[in-house]
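Two complexes come next, and they have one chain in common, chain A, joined by chain B in the first and chain C in the second.
Coming up: the complex of A and B.
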């Protein structure tokens, strides 16, 4: 569905991404692991068109989308839940969701969009109770759900998620991840999940990539990555060598 | 006037200090088309609006657009000052320094209400003001495009991720506010005359009105405007007409000291905006 080939991105002379290549099949949940500053967010923003790559190719459903404007990219079906949620805090929950449907909004489609909004509310019942509240007054978890709901309102085929666990209480993180798995099945979505919380991400993902200082250093199925020594040491907080000695 | 500030503020968080010039363009443009070119009233009105819209468009494309990437609000606000000086200079070349005026929209006897004399033109001004508040309220709160404009000001990056073309929205906001300003200028010129350098004073007054009423709220701007106007007239009548202009600034200071969100501004929105 999405294929990235030899993607280079740099700010000025500084390389952020070097020859990144990856692919996502339809219906897959793929996770990208990596520490702070490894280039995960840059990768997502490049896919969304916010950052223009220096070289390389991004192909979505047999269509070259490299360097396309963000509004076009949303239109063809890639939606991002940005890092830090970036919801519109001084607008109401409902207005936030409505704005998610911006690109397909037409006078004749009001009903369809209303229905979609009800679907989102049934997925996240908490949002329905607070539909008239200003979005900034929601809790971190609720804001994250709103951000996901807002992205879903654009009817994406591919959903990009940037650190959905950030700034959210641990028990709510679990809830959000459960929701993600549900969405994958019920809406037949494809997802690219960027996470620092490697363990939870690998638990729900089919495959994963590990990115370090702008390069993909490892890829494999979730099981492989979970049992990989380097991944365990770097991202799961376990040092196997140390354990053996003890 | 204050309403014009709000439109651009609502969609970009920029305070456009050249807003006063749009009002002057409205007044002088109307005079030009009506008295110099001798167009009939509706045609002159439309021509003036078009000129103002083009001025707003050019201003956005030439000055704000190139700076948008830097995202430096202060820089952009300063650029609006330079644009205002530029427009003032151009207007002076074209129109000279004399004040201009033209006959009111409708001729007729002034109405006497509770002993106060109200000319028909004042009724026009009030009517136009209320009409624009209602329309703008509906636009910003009931239409998706209006909400998209607000979204752009809250978080431009998120707005882009929603598929909103931010640069088009910013352009639109400049055009709308130029048009609103020009309409205001067209309406007040028969009452208060219009000359090339009236812009800054109008801008200061309008800015005070917008702040006093709560930035981003059209209702507030109008209320603030009336409040300022009344207090100014009282000062001119009871104290000294020289104090008239100082009072507007004094009120602005007091509001900023004691109720920074403005009279109609919600504290909550103010707080969330900062987060």
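Coming up: the complex of A and C.
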């Protein structure tokens, strides 16, 4: 579905992404692991068109989308849930969701959008309860669900998720991840998940890539990555050296 | 039948994307974790960020058996020893053994890839598999053992035993599949005849043979004598052992597990890549190995890529059967000959047993090649003249097809050495 080849991204003179190649098959949930500053968010922002790559290509459903404007990318079916959620706190839940369907908002399509909103509400019943509430008054977990719901309002085929567990209570993280797996099936979505919480991410993902200082250094099934010692040491917080002494 | 249809029949474009991703990450990991490669990269001015297509693999230096020996035992490992869960060594057919290691994930991948090859050959969980490879440092037995277990077949890890015991177990345990070297399969077949048993009474239907080059003629011989289908499987311990490539039920070339290995065919003299379809040396770059990744390893095995697609539906590329090893190559008066070529011709001649030996000697300044062949009993006649005629016939066939001068000697049946593991066909008595 998505195929990225040799993607180079610079911020001024800084070389951020170095010949990054990756792919996602339809229906897959792929995760990108990496520490702070490795280039994960840059990668997502480049896919969604917010950042223009210096070289390389991004092909989505056999269509070259490298350098395409972000609004067009949303229209052809890629939607991003940004890091830190970035919801509009002074608007209501419903208004936030409506904004997600902005690109297809036309007279006469109101009913269709209304239906889509009902679908989102059925997926996230908590949002329905708080539809008239200002988004800023929601809890962290609810805000995250709203951000996901808003992204889904554009009817994407590929959903890009940037750190959905950030600033959310641990038990709520679990809830969000359960939702993601449900979405994958019920909406036959494809997802690219960037996550600090490597263990939870690998538990729900099919495959993963490890990115270090802008380079992909490892690719594999989630199962293989979970049992890879480098991944365990760097991202799963396992202290292998201590274990040997015991 | 497929074990992993999704990956075995992957669209070629998708496969190339996956190979590129894995090549890029392998290059980074190897540069970071293996001092030998880092040094080489730095010396040659290779930038690990500079790999943007599969053809860029040609920028990489070759790795040879000598490199492995110089870094004996653990120098080329890419992970600390405590992450290695298994150590094997090459069988050392030629020279000193080399050591290889596996992480837990490597063992898993290994089993998976052998399982693919076995299912492609026609094995199911209902099969009873007798593994008559040597269990030890040699990778053959373990690799096939894991693959068979992964499918859920019943494994008999008999290892190397005397042929009579193999046959007894084969009868009693109702073995359906024999796994060993082709030369050992022939020895077993011969023993069955000697014991006066009719092979039709066996449950045996399939043989998975490898670890040494064997000709089509030898395959025919084995298939007829044991009344089975003989399947070729290819691998080498440096890369992982068996599981590199294997034939499917159509017996027309060995499918390479390309999602885990990147292959090239080069001219062993000029080291330049050869056009698709031409015979040359097989070079392999591992794409997923954790403990012992190798870049452009020169296998010294001679084969070619079969460009046409296969009837079985696999998109994985096929290798032709291994013609020989670059170091088995005999050069007589400037002409290159492989033992497998001699084998092919010999097996085609009526009245010869499928056992032979090639002796090379230096007489004065001239190299002399003598082929020792076993004559069947009915042929070992008392009449000298008839015997001489037969020798001349064999000699002419060999000379006309190989275009080299040689001698042929007829020896009595069963006088040549038999091998349980890999056969030693060439005896080079030349001193340099």
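Going forward, the second predicted complex is superposed on the first by the 245 of 246 C-alpha atoms of A that agree within 3 Å, B and C clash if a C-alpha of one lies under 4 Å from a C-alpha of the other, contacts with A are read in each partner's own complex, and residues count from 1 in each chain.
Just so we're on the same page, a residue touches a chain if its C-beta (ideal position, glycine included) is under 8 Å from a C-beta of that chain, and two chains touch if they have at least 3 such contacts.
In this text the structure is predicted, and so the values were computed from the model without any measurement.
On the superposed chain A, the two partners chain B and chain C both fit, without a clash.
By the document's definition of touching, neither partner reaches A:176: not chain B, not chain C.
Touch counts on chain A: comparing chain C and chain B, the chain ahead is B.
Look at A:150: by the touch rule set out above, it reaches chain B but stays clear of chain C. When the shared chain is aligned, chain C comes close enough to touch A:224, but chain B does not. With both structures placed on the common chain, the touch criterion links A:6 to chain C but leaves chain B unconnected. Of the two partner chains placed by the overlay, only chain B lies in contact with A:99; chain C stays clear of it. Panel annotation: after superposition on the shared chain A, the angle at the CA centre of chain A between chain B and chain C (CA centres) reads 150 degrees, nearest 10. Judged by the touch definition given at the top, the superposed model places A:137 against chain B, while chain C stays out of reach.
Here chain B and chain C sit at a least CA-CA distance of 28 Å once the structures share a frame through chain A. Once the two complexes are overlaid on chain A, none of the chain A residues touched by chain B in the first is touched by chain C in the second.
Considering their complex, residues 14, 17-18, 20-22, 24-25, 28-29, 32, 48-52, 79, 82-83, 103-105, 108-109, 288, 290 of chain C touch chain A.
Across the interface of their complex, chain B is touched by residues 48, 50, 69-71, 73-75, 79-80, 82, 86-91, 95, 98-100, 102-103, 105, 134, 136-137, 150-151, 154 of chain A. Listing the residues of chain B that touch chain A in their complex gives 144, 147-148, 150-151, 154-155, 157-165, 268-269, 272-273, 275. Contacts from chain A toward chain C in the complex involve residues 3, 5-6, 18-19, 21-23, 25, 209, 212, 215-220, 224, 227-230, 240, 244.
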